[in-house]
């Protein structure tokens, strides 16, 4: 039991480290190519070791705690944000056999855990004793509390369609086709709402108000430097991975290969590609989509952000839940 | 409105004004005390309506100062230069025009900063560019600073 | 918004325990959105701005005092460093003032070159502003696209003038040297390139709904206020104030060219944005006309080696990318000015900031500051 | 209905922007980056580019500076300092000769006024633009070489 736990712990930490490195590199390259430049090119071939070098730099940097900061909370916040990101990873199925904790309430669990991130951002922003950080933290509070609703409702729509709260069950329901193909309009709308709302929950552009580089210098993590800043950044990317994994599992079939109908030739060919590859492919597709948003759109203003949620996303997802329920009751999906 | 008419209008508003003309501008020279009435007429008179304060600055003709107001009218498309003569070096003062043009507020602070001219009824007369504890007024001709100003021949 | 504020104040009147307090934040001297060492002391109520106090002078170099010790030829490189994004046009202003005082005739080729350089500078400046505007609103990609197109202009300048930013090329009497033999061809290429790329600007930013929401109706400046604060350039033209010096007090043969003064009446950030985008198109038209009939001949008028201005006062206006730059030279007959005053467009445009951002949010202030297009060295001088 | 129209038009405008960034992402040929130290060999600077003031010497170690200090006077910010001495020529005339030509690169603004003012084309700008050094005093340079003399025509 302990050994299993240890193995899991080590592999999760390794996964985190690798994900952090890969995603930061990917972000920089995606950004660079959209911005007609090359991005990191110096460290290693095509700058592949750039993020590694950056991590070494961040670790060796001086750790500064501002004079007026609440020391305990200031140190706690980056730790908390990483722990929360780790917890949300547990019930996600990476392939048909790879799952840390096959919970029967997995969707509920992820929704509950991921909404905790705001507490660590509030803590960090408040404890910094910096007005920019405080404004950033307060914005984050308003933002995550409201967008949590849309995320939750789009999850509910998918739970209604698939009839289960367990991630592995949801994947199994997509054996004949992914929900995005067989769920009709409700699945489409839920997918779009989920992507928009979870981008907001991740505090990424166009919803990066808590950081808002041009307004609040760096928002809630203005005062953080060195490894503590790195933990904030790492958790942002881990959260991005988790959100994308949830989206991939609910809408794009998770590790399930591309199937249409039962037991035909096409399905068998698709089965030759291992499930882990399917999973990673879908996750990275959604991550790319979120990055694409970031490097295209300007930032919203705080009142526009809330208008978007309360006037558009929330009513739409409420109606969407009704529609999903209707489709489930009448059995219109395939 | 041509220069002659303008001169007449100005003379009736401010009898102390004297005139100079060059190729481009009509210069009005007026003692500092009469400035505000003149400027106000220039701005509010519907035939003159100089609504744009293009440039506000000061010249130190040691010992007196001249305030320069280059005014322009966007509607009538004419312009004029008003020079207000401030005599007395120890405590030069003139009426502020910031009640007529909001933009003059910062411009007058700049002049105060560099020439030390006090603007009466200015809402917020502080140093603008230089530090609050700066000694002297650097654009005056008698300003001396052995440390920072290197005299080249 | 007003309703919400009323509710809050009503509650306070009823003796509720809820207390609010204003607080100050310092935006700058180092801040990503001030683009230079501008320091704004801002009084905030939550996210709403109650007061703005600009604190200037962080890069004050006392250009005016320096110029009193410099010959007229030496003033030119100093002026490049005021509004460094309109370096050519600043040089042109001093050159024109000196020429006016000395009554020197500038040869037609030099005048054509001046217009070409000035309009290319204007395009480059607006492109940089466009990229930075996107960056201020959180879209980083336009920044690089803007720089790509500006880079080509900078390279043309480098080839002809020898430097990239502070050129010191337009001098009293004409221009320093003739243009590089490849210059005209490159300009023609560039017009073709930019006509293809400008629609892309519209697709990524101008048409973007988020961008429109962020700028429309934000930072409203009424025409009366624009005039009262002495705003010029695109800032005033976004409020419908006709103030283009190229049309009003034409210099260097702008009056012979066919171009429109771009005017929008909305007075908000979007209007100022549109003015600048349209000005790029107008500048392209001007450049095309000049390149079509590019005169041959000398590039330098008859100037003495040592420039001495007659006694008197001389004022020359030019239209930089940001508005009216005035050079006021007081000469007592020597080879250095008795007093020189630069009426900088940014200084007046900055003074309007307080007026138009009070009551809006921090994010709006950033957007507004961006559309005022401030260049700090020109404010501080 | 305008509610739905609003959503649709917004989506279209956002997708247009994504199309543009997507275009550049998928067309690496449009990349504008030039990798500087790597392309040093192929780097071609325009011939008028001004980087550092130099005093050309011919093969007999002779420069063309007569020591008239026109450049020193022309410089707006005191970059140049010309030190001279008096030499008696064979026909017993006193002549000014260049002793040391001091150029402070740290103060130079590359405005070209010194080169313009030089009556004998003694100085010119070269294209060596990599100025960074470890100490500030290394930026103060002496332009005339050790033991150099003035060309015969200026004697």
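A, B, C and D label the chains in the order they appear, each numbered from 1.
Keep this in mind: a residue touches a chain if its C-beta (ideal position, glycine included) is under 8 Å from a C-beta of that chain, and two chains touch if they have at least 3 such contacts.
Just so we're clear, the structure is a prediction, and the values are computed from it rather than from any experiment.
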Of C-D and A-D, pair with higher C-beta contact tally: C-D
Centroid distance [mean C-alpha coordinates] between chain D and chain B, Å: 42
Rounded Å distance, chain A centre to chain B centre (Cα mean): 62
Whole-Å gap separating chain A and chain D, where each centre is the average of the chain's CA atoms: 51
Rounded Å distance, chain C centre to chain D centre (Cα mean): 27
Residues of chain A touching at least two other chains: 34-37, 295-297
Residues of chain B whose C-beta touches two or more other chains: 152
Multi-partner residues of chain C (at least 2 other chains): 141, 144, 148, 204-205, 208, 210
Listing of all chain pairs that touch each other, if any do: A-C, A-D, B-C, C-D
Residues of chain C touching chain A in the complex: 23, 25, 31-33, 47, 134-141, 143-145, 148, 204-205, 208, 210-211, 213-214, 361-364, 366
List of chain A residues in touch with chain D within their complex: 30, 33-38, 41, 292-293, 295-297, 312
Interface residues, chain C side, partner chain D - complex: 70, 73-78, 141, 144, 148, 151, 155, 158-163, 166, 168, 176-177, 180, 200, 203-205, 207-210
Residues on chain C engaged by chain B in the complex (per definition of touch): 56-57, 60, 62, 64-65, 69, 100, 225, 227-231, 241-243, 248, 312-313, 315, 317, 324, 326, 328, 330, 338-339, 341, 343, 347-348, 350-352, 355, 380
Interface residues, chain B side, partner chain C - complex: 22, 24-25, 27, 51-55, 57, 59-60, 68, 70, 74, 77, 81, 101-107, 110, 114, 128-131, 138-139, 151-152
